[in-house]
Amino acid sequence: MARVVVDVMLKPEILDPQGQAVQRALPRLGFEGIADVRQGKRFELEVAGPVDDAALARIHEMAETFLANTVIEDFIVKVESEKAGSAEKAEGPK
Amino acid sequence: MARVVVDVMLKPEILDPQGQAVQRALPRLGFEGIADVRQGKRFELEVAGPVDDAALARIHEMAETFLANTVIEDFIVKVESEKAGSAEKAEGPK
Amino acid sequence: MTSRIGVVTFPGTLDDRDSLRAVRIAGAEPVSLWHRDKDLKQVDAVVLAGGFSYGDYLRAGAISRFSPVMETVVEQAKAGLPVLGICNGFQILTESHLLPGAMLRNNHLHFICRDQKLRVETTDTAWTADYEAGQEISVPLKNIDGRYVADERTLDELEAEGRVAFRYLDGNPNGSLRDIAGVTNAAGNVVGLMPHPEHAVEPLIGTGRTDGLGFFTSILKKLVSA
Amino acid sequence: MTIKTLDTVKHASGTPEAEQPWKDLGLKEDEYARIREILERRPTGAELAMYSVMWSEHCSYKSSKVHLRQFGEKAPANDAMLVGIGENAGVVDVGQGYAVTFKVESHNHPSYIEPYQGAATGVGGIVRDILAMGARPVAVVDPLRFGAADHPDTKRVLPGVVAGIGGYGNCLGLPNIGGEVVFDACYQGNPLVNAGCIGVMKHEDIHLAKASGPGNKVILYGARTGGDGIGGVSVLASETFESTGPAKRPAVQVGDPFQEKLLIECTLEIFREKLVAGIQDLGGAGLSCATSELASAGSGGMRVELDTVPLRDATLSPEEILMSESQERMCAVVEPDKVARFMEICEKWDVIATVIGEVTEGERLEIFWHGEQIVDVPPRSVAHDGPVYHRPYARPDWQDALQADDANKLARPATSAELREQVLRLIASPNQASKAWITDQYDRFVQGNTVLAQPEDAGMVRIDEESNLGVAMATDGNGRYAKLDPYTGAQLALAEAYRNVAASGARPLAISDCLNFGSPEDPAVMWQFAEATRGLADGCLQLGTPVTGGNVSLYNQTGETAIHPTPVVAVLGVIDDVNRRTPIAFKEEGQLLYLLGETREEFGGSAWSQVVHDHLGGLPPAVDLDREKLLGEILISASRDGMIDAAHDLSDGGLIQAVTESCLRGGNGARLVVPDGLDAFTFLFSESAGRAVVSVPRSEELRFTDMCGARGLPVTRIGVVDGEAVEIQGEFSVELAELKDAHEGTIPALLA
């Protein structure tokens, strides 16, 4: 089964109280050098059939009409390979 | 400035009612063929300095002690290139 | 000398005034504590009150845990200082690892506010001695992140050691594992629960019951006899 | 990238012919001409932005003003009024040195676009209004209207709105003590999200929005200013100049209740130390509104360095900064020697505070950007001298036909079995069903002073722990009644809220209102508005309850179709000792049930006509405000003297609705007898106004009925609290369990 990920983030011009709270807390915890933090949502969808263009178009529509409210949020649809952690450089917990 | 992303997801054995609610709603909205949905958090960190191993180690620690609660959550740290959307296949909103 | 019980205010704490009032009604001296101060003003016990500290934006209790006041609370709790965490306070205690487990979004995803029946499972703590074991009480419950989870081994351990302090009755309101509403540490001085005893201390207010007063009279008796 | 030319005052004076996008900003040609006349030149971009938003319907009340004046003109003589209409919120004296401020506002349109954030920021806005008066906010209420309960879009809008109101209010620590939830297809594309707040202070703590004392500092504090909620001004940014910022600014804002909670605590501490000379919240029209209103209410002069405003987005243009409706901000005027302490308190609460300007000797509001002057206006002309319209209005041609379509002629149940079936259908219908699924998402216990909350007739909070002084509030409005007759409908809303407050044992004192209507450009809508305001003003005069303030929301329609005219009225009451409050629950078996008031055949606009016949026509119930007043006095005396243990007002759904609610709340049944002269159907379903049902201990029966008799209030013994069922003698009986399932199952089934 293939995994499609939809990342939903608040638009850059929209206030992100959650990201702000995290950012403000970091120096107090001793973490310096983080200039900005934005917090969003990550949806991991397990797709039953083939992830072809038609399926992706449907997921795109789903993201646009349901997973995100495009008045305030942007989203990105990504296909992940069978195993997670396909990003360029990844570190999981031990 | 480089962007580092921390994805935080509930551990697989922990019930994810948010993901479930999304999944249950999908057929009603006319989206079929999604076998499972998990919902998690995505943090986008803008790092001021270089993202070297030392910086990544610090971010890893930050994720482990703060961004995630490892009693219930797993996380992954990824370096994104300057531009967002570096994933294998990406579609943004128009 | 009357006992002094401190109530911590974090940014976003909501039920601090209520907890101070409950302390006063029980007959102790209420003392306000501030999150930025490491100094606990020589109180004999501490209440971490309910609310949404730091908006609960990351996870409930996750940011408050790192405050100066918590450094002292954690240190002294380990040395026996009685600490009661109510709702957000309970969340802070789990985030600080003074109590096991974690709190997640309610299984129905909604904030829920209702009169909640509980069973007091142990009177072997600093905060429950005035109840009878197995006593059923009703106090308000109000939260959105109230689902208690811990791994099976931890849960079994808690049960075996008699550290499940309160259980939900008449229906689990949030999907908490094993109907757990509150737990205690092994020493019995640190207790956390999601429902709000401080909202049930006056006959006319809220649900009109005073079932929560026992928390505050328990600690008072313990302190006076100590 | 084109370098943007700053449109300074000087530049504007030198370029009188420059094209300006006044039309896209919603100004009319004569309004633009008027601005040029006031300034004796063309406005700068920044000035144009300020005028356009301050002269909008939302901020200037240009269509409603001529009608709202009646609230002042017909105001009853009332010693309790401390601050009247015109300030952020009105203030009334509730005794023992306490003053209470309260107000209801709408956030209808944003809540349709983004239900969660729209509703959340609605709560945030009204709370800041109350805070700005010097008061500690102590409770909120939320009158809501949605489309049909079973419409798919209602499933999107309602849960989002409710979660947003809860999410914001719960996080602020304000108990939600009342409101309404009404479903009607007329609100399908335009839900109504009204939110009210009550605040308490000592008389000496009342603060007003005015900037006086030249040399005093103007301090902006709270959240940073971002590009949200700018609306029309994006037009300005993109058309007059080459835009450098994000092309489209979002019209919806995201709320940060945590920031607002800090703002509340910080502001209250600042009040306690008496550090402000004037204060204003930032709501609609943001800094434009705050600076022009503060200046015009004070001595008139103010100078602002706009580039000192802390920004979230560095690309914002000065016009955008002036217009931004970023949430969670306040503006204070502070004497120079108090600024340091002010800043200290802000720092303590992690609140950003910045001196952005000062009060000046002059009479102009002057705003500078990097040293260059971009605004130079008489502040009054922006804040108060906006256009006033006398919009044409006319009784719609369909009104007669609607009223002639008499609901009293609808087919009534023929048998007892049918009557029973209709009772169950009524109490299970979405409008009459229990709203616990919704209200359980609101914290009603926080602050530890809640005496009554949903599902009681009125919400009640204690405001003094020693004396047990308390205040109560109920909000009501019935769009169906108002559609049939807007004058009477508005009075019925007032009467119902008044009755609810009195039923709780509190003495009604004053009101706030939120007037939700369609487009003022439609003469039929304007007639509804004129009638409703006239009805409300006349009603308030008669009941002796002044209007302390409120809000008008126009353009509520789906396409061409306006919503039902929906005046929502919030009545505030005071009770000297909350121990004497009257709940709705029938708790004591054996107590006698009395019906107060008269029951007539009145079914126009009734719940029964909607549920059983899907019908709206005829006339609404008749109003008799003297009767309402008398009923109120009886209910209050009876509570004070311990003659009744429960009271529930009768309104939509009639007697059976009230009895069902009181029985379920108390866990007891009731045996009822149909009084002489009434048929069972009318007895159970009529919606005649001016009525309540009370539960009287047997020992008090004589004293109570004597009091009613002596005062001339019709009183009828209708039964007794008894058993596990509601029984109508000679007709039918329904077990409590069956009533409960019917009443409580509907909303969860639709929405959960």
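List of remarks:
In order of appearance the chains are A, B, C and D, and numbering begins at 1 in each one.
The criterion applied here is as follows: a residue touches a chain if its C-beta (ideal position, glycine included) is under 8 Å from a C-beta of that chain, and two chains touch if they have at least 3 such contacts.
Keep in mind it's a predicted model, so treat the numbers as computed, not measured.
Once the centre of each chain is set as its mean CA position, chain A and chain D turn out to be 38 Å apart.
Distance between chain A and chain B, defined via averaged C-alpha coordinates, is recorded as 5 Å. With centres set at the average Cα position, the gap from chain B to chain D is 40 Å. Listed for chain C are residues 54-55, 57-58, 66, 108, each touching two or more other chains. Multi-chain contact residues of chain B (touching two or more other chains) are listed as 66-67. Multi-chain contact residues of chain D, defined as those touching 2 or more other chains: 256, 258-259, 350. Chain-to-chain contact here is organised irregularly, matching neither a line nor a ring nor a star, and falling short of all pairs touching.
Contacting chain pairs in the structure are A-B, A-C, A-D, B-C, C-D. Contact residues on chain D toward chain C in their complex (touch as defined above): 163, 166-167, 170-173, 256-259, 261-262, 349-350, 439-451, 462, 465, 578-579, 581, 752. On chain B, the positions that touch chain A within their shared complex are 1, 5, 7-9, 19, 22, 25-26, 29, 31, 33-49, 55-56, 58, 60, 62, 64-68, 70, 74-81, 84-93. Looking at the complex, you find that chain A touches chain D at residues 10-17, 20-21, 24, 69, 71-72. Those residues of chain C that touch chain B in the shared complex are 58-59, 62, 66, 94-95, 101-102, 104-109, 149-151, 175.
Taken together, the chain C residues at the contact with chain A in this complex read 54-55, 57-58, 63, 66.
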